[in-house]
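Structures for review follow.
What follows is subunit A paired twice: with subunit B in the first complex and subunit C in the second.
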Partner chain A sequence: MRPENGERRGWWKSSAAADGEQQLDAVGILLLLPATLLLVVMFIGPVGFAFYLGVTNIALVGPTAQHFHFTGLKNLHRLVNDRLFWESLKLTAIFLGASAVVGVTIIGMALAVLMQHAVTWLRTVVGAIVVVAWMLPPITAALLWYAFSTTGGTLSLLSGSDSDILNDFPMTIVCLANIWSTAGFSMLVLSSGLRTVPAEVLEAGKMEGASRWQIFRSLTLPIMRPTIVTNVLLVTLLSLANFSLIYIMTAGGPGNATNILPIYSYQQAFQFNKLAYGALLGDVVVIIATVFAYLYVRVSRPSRAGYRPQGKLA
Partner chain B sequence: MATVSIEQVWRRFGPHSAVADLTLDVRDGEFLVLLGPSGCGKTTSLRMLAGLERPTSGIIRLDDRIVNDVPPGERDVGMVFQSYALYPHMNVYRNLAFGPRIRRENKAETHKALLEVSEVLGLSALLDRRPSELSGGQRQRVALGRALLRRPKLFLMDEPLSNLDAALRGQVRAELVRLHGQYKITTVYVTHDQVEAMTMADKIAVMFAGRLQQAGTAQEVFDNPVNMMVATFIGSPPMNILPGHLSEDESGIRIEVLGQTLRLPSWASIKGTHASAQQVSVGIRPTDIIADTLADCTGPRARIDFVESMGAETFLTLTCASNKLICRAPGRLRLNVGDEVGLVLDVNYLYAFDYEGGNSIIDRSGQAGDARPHPTKGVVTHGTI
Partner chain C sequence: MVQYKPRHLASSFTALAMGVGLLGSSGISGRALAADKTVISVAYGETYVFDTEDLTKKWWNGVKAEFEAKFPDATLQLVPIGGGYDDITNKLSLLYRSSRTAPDVAQIATPVIGQFSSSGYLLPLDSYLADEAWWKQFPKVIQGEGVFQGKTYAVNTGENDSQLYYNMDLFKKAGLPVPWTPHNWNDILNAARTIKAKLPHIIPVWLNAGSSSGDNGILQGAGNLLAGSTVPTIYDKKTQKWVVDSPGLREVLDFYHSVYSEGMGANLSDLFSPSAVTIPLTLIAQGKVAITFGSNYYGGNWTKLICSPCWADATKVAGVVPIPTVDGHSPDIATTVGGWDFAVSASTKSPHYAWELVKLMESDINQINAANWAGFVPANQLIVKEPAFVDFAPPYNAVSAQVLPYGVISPASGDYLVWSHGLQEATGALAQHPNTTVDAAIGVMSDYVSNQLDSSAVETLK
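Right after this comes the complex of A and B.
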């Protein structure tokens, strides 16, 4: 992933090509063709079409289902003035922030550190449980958490009342469910990151008199920074796409308490039959995802100043 | 400045003993080299001194204070790691200042001391560079500087030169000796390279298989090895080991080797418990054999199998009475593979080891210092090549 010389070289560039200068020849274009075609047919085409649908008056049923036409900025105008959309955007931010950025990363990190230091049997047991939770299909995870937190579920039995905790704290429970099911992935990514931190560097810190926390904060975390950022972005993308978990647990409710954008988009398109407006909301999700994806590609690219193994004479 | 005393220290990993019954003292200001092949326990010993590893049993004292349970940060010990272990995300300045910052030392003083140390080590121009932008030699000096800024009582170095190329190694070796002379910090230095050990050490401690074999000055270890392992590990090319027989009568010790009987000088005696007549392994260094082309040589004759010309000297691989041995001859010598030569062994530097255990049999304590312009020859005396 990180070449020793720190320079980026796409495979299509000859090694003699100057850095930053891209050379495409006939063979290169020919080799790129299948992938490009696939990308256009399967991805760019549909997404482009969805963007087009977003500015039409297509509906799921009725006359405009077949004979829709371009309506200009009408849908956009509605979007900007839609209180529910802004509310949904805010809920999406809360969901991503609380579950992906804070929850999954911190818990994933804690698990990764635990995995590094724990005795073998504990490591095996916890590792297996966490990874299984990640491997479970979203519908299983969702039902599990629904049963756990709704009236008569484990949580209400434990609290000794018959309250519906899922109904009382919907966003919290949904975030917890997402953390529960994604932490395994985060743990795997961060564990491999932890292994790249050279033991001697940490020992050098110990020799200087740094406490465990100081070593973790001043040495381990900064050295792991690229892995952590990569992980945050990946988990954010995964959570953004995790439609089924929330839909099965709450379907966006109660009220609109967990109505994040993917769900709101689905609602508009397939429950209120407003396919065009649903598509436009979906487009917003695509744009958000694209921003994160772009950041991810930027960050995971090797940089000149990045960490390179020491030791050998440069 | 500190003295170190290690008493009967063991370090076990499961059933395996990495360090077995190590007892060793380091005097104040001394430069001790722990020498041995990979896996002999020298790095584990060093890590126990650093506090990165706990002894399974035994006592480690630093300045008469038992430090077995003292964490590494509180031992006033500076360490240079084999990989240098610089903090990759910090520039040189922050690498050097990390320790003082952690220990909450006065910032202005740290800055001053830091500039001083970087001046001494020639790092002044590199302070804002990242480790990845430094050469091996520069990284190594940063690691040294970081350990120096600790103002340690004890300096520990784990094969600090092994990642440098040959030319740089010689240079840094001299640098380290100079720094040691300047700061007089007690130093324990781990290496598997005997040249580093011989050139830098006040005292060499040779380890094999977790056990300390011998500790002494470079010359002592070279001239009077306690057993065959030490004898063959130190010196390059290694000491020749040949089957032989040792006997003693009223006129002194006689050794039969390569079909010839040699009489050892009068200072030699047999160490306490050893039998006065027995089969032994006879050791002689390649430098203590003279290969002689003269026809009147009465010594054993050998055939040349291989000639390694090093310019100033030539190493000959020989077969003599079905034994293989190596001997040093002057350079610019016209010798060819297949030629016959006569051998003259220097009886002053003839060693005999217990055939079974490999312990040295001959007591050499009576041997006077050697001012040899020419080696004393065994049986015959005549001109060399």
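Right after this comes the complex of A and C.
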């Protein structure tokens, strides 16, 4: 990471003074140009267009497929009054909260801590299994969990009945499937975070007579806070984009029990051919993702505390 | 029509592949590939329409060879589209957005022809059809499926309709008559009750419910019942509103209520499976279900050629009868009809060759092969009597041909899919929660459709 403003500014000014600011500026812009163009063409353009489509009457097929036009606030009005949208937003929050924030972080942390204390061979085996689960494509993970949780699957056999647990507790099962498939990532991030906790701090805690739990809660967790927050945000973004898992397992059903926003957006655009409303729902997902992405960028910035003295000195 | 592939899985793949496909499909417009040859492109379902991918290749490669032999100055470019029912429509919608990528001829699902024609994508075919003898053999109801605002935009290449399949061995064991001829819905329910009482480990009735199969679940389930109800209206043309409550819908949901509240339906895992509509094919062959509301392709699927699943004894065990109307009212046959059609692009540079291709694909032998290999009922009423079709899967093909002219076609509007989804949710609620009342199920449907299309777009029929 490049140091913060202070040092950077100093380098810039001195170079600029020596070689001429304009020339350097042009070179800088030239070097940034490919990345900027790529970003504009591949990301900002399409996203901007999707926002525009969201306020038109474009259909996938039908009279307004080719000849669509701006419809003002009509779609937004529908969105605000769409009971299913609000339900979908609530389900999205539950899915992200239960699986990404709580499940993945807690399970990931538990795995990371247990792995730290496990014997080497066990750590290797468990680590490999969890990482393999994470690396499986969502389609495979979804099919595994589908087979696992429907009638005749392991879960119903274990419960001693022929119940259909997926359809009885759809949101719980898709959350568990998401936790199962992303806990490996969380474990890797948090394991590396655990290694950054200074041993002498833990040793000092032990010397003071603190219990293992007290050491974990009062020393390890606070020191790991930035890593945990980063992990939560990353897993939330990963889960928000995990359309396939729910679509394959339940397609948003039964009823609308697992109809999270990406599924609802797909249904409107590609099943009901209402491309404009589907785009608008997609825009809401983009806004939610942007908020989390912004938080992630803020959290993952290099610690200001570390560089501030330098900046002040400069 | 074949639904082997888990729909959601296929959809997910195709959603990803769509972008890539669009790039690749720029080759469709390669009419300049050979300077001295006219290139005609035809887009079709690669994995969904025919029973196996080998048969898809066999039929389409045969068409290509025949076309190019007949027209040496033309080349036929095949544009197969992978994925399921929705994926084919989605991909075609994207291809048609530009005249550079629009296929000259396309195989389009019947329920969406209206949307493609109203987009301005399709060429009216009336002048071409006027002199065709084979077209005159199509039942009026099927000729009408491609007609919008007085013009014909598509011609059918095979239909799917529905029948009742019943396991004769189980019927005999339960003391029920064989052959069985139900005259109304009570006859079906009473037979199912007898099965449940005498053979408690057997599923009395397979009746599709829920939304996992999309509109397919309606075409092969509740839609047939609605067609045989006292008020089968889906869309009220006079008021231009969608019917969300009517005596007909209540009769249908009451039938569902009886089946599921009396524990006569299949388990939820199977009913709500993405491949639900094909599950009874195996359950019937395994002797696990007594009565099935199923599609015409079952008989063909059990043959040695298709083998999905193989069932040599099918004709000895699985009986087939038309679905009766609610109270036996005439004609006492109820079925939905939905299939695939050929349409010509409005932007084609070679309408002559495009039409010649459609004609060639509508030839007797091509239609019989399509029917047998894809599980269709041919629209042409001369072909349905051909031994090559009837004897391919007896007695099933004969019964499916018998009921076809009585079929009811879904409304062509795009909003039909929303209405259909509302009915799927209502049937799903009755299957999942047996305590659900008919009033509550009507409420589920009414709420859903009103919320999606606005309360001013729905109505109740008395």
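Side notes on the structure shown:
Everything below uses one rule, namely that the second predicted complex is superposed on the first by the 281 of 314 C-alpha atoms of A that agree within 3 Å, B and C clash if a C-alpha of one lies under 4 Å from a C-alpha of the other, contacts with A are read in each partner's own complex, and residues count from 1 in each chain.
The rule we apply is simple: contacts are C-beta pairs under 8 Å (C-beta built on N, C-alpha and C of every residue); 3 or more make two chains touch, one makes a residue touch a chain.
Predicted model, so just to flag it, every value in this text is computed and none were measured.
Of the two partners, subunit B and subunit C, it is C that touches more residues of subunit A. Once chain A of one complex is fitted onto chain A of the other, the partner contacts of A:K206 are limited to subunit B, with no touch recorded for subunit C.
Applying the stated contact rule after C-alpha superposition, one finds that A:D162 touches subunit C and leaves subunit B untouched.
In the superposition on chain A, contact of A:I248 is made with subunit C only, not with subunit B.
In the superposition on chain A, A:L84 makes contact with subunit C only, not with subunit B. Legend: residue contacts after superposition of the two complexes on their common chain; A:A59 is shown touching subunit C, with no touch to subunit B.
When both complexes are overlaid on chain A, the residue A:S218 reaches subunit B alone and has no touch with subunit C.
By the touch criterion stated above, A:T120 is placed in contact with neither subunit B nor subunit C.
Applying the stated contact rule after C-alpha superposition, one finds that A:P198 touches subunit B and leaves subunit C untouched. Shared interface residues of subunit A (contacting subunit B in one complex, subunit C in the other): none.
Put simply, subunit B touches subunit A in their complex at residues 50-52, 71-74, 77-79, 81-89, 98-99, 102-103, 130-132, 134-137, 139, 146, 150, 163-165, 168. Contacts from subunit C toward subunit A in the complex involve residues 6-9, 11-13, 15, 86, 89-90, 92-93, 96-97, 112, 115-116, 118-121, 210-212, 214, 267-270, 272-274, 414-415, 417-418, 421, 425, 428-429, 432, 444, 447-448, 451-452. Of all residues in subunit A, those touching subunit C in their complex are 59-63, 65-66, 82-84, 139, 143, 150-152, 162, 164, 166-167, 243-244, 247-249, 251, 253-256, 266, 270-274. Of all residues in subunit A, those touching subunit B in their complex are 6, 198, 200-201, 203-210, 214, 218-219, 222-223, 225, 305-308, 310-314.
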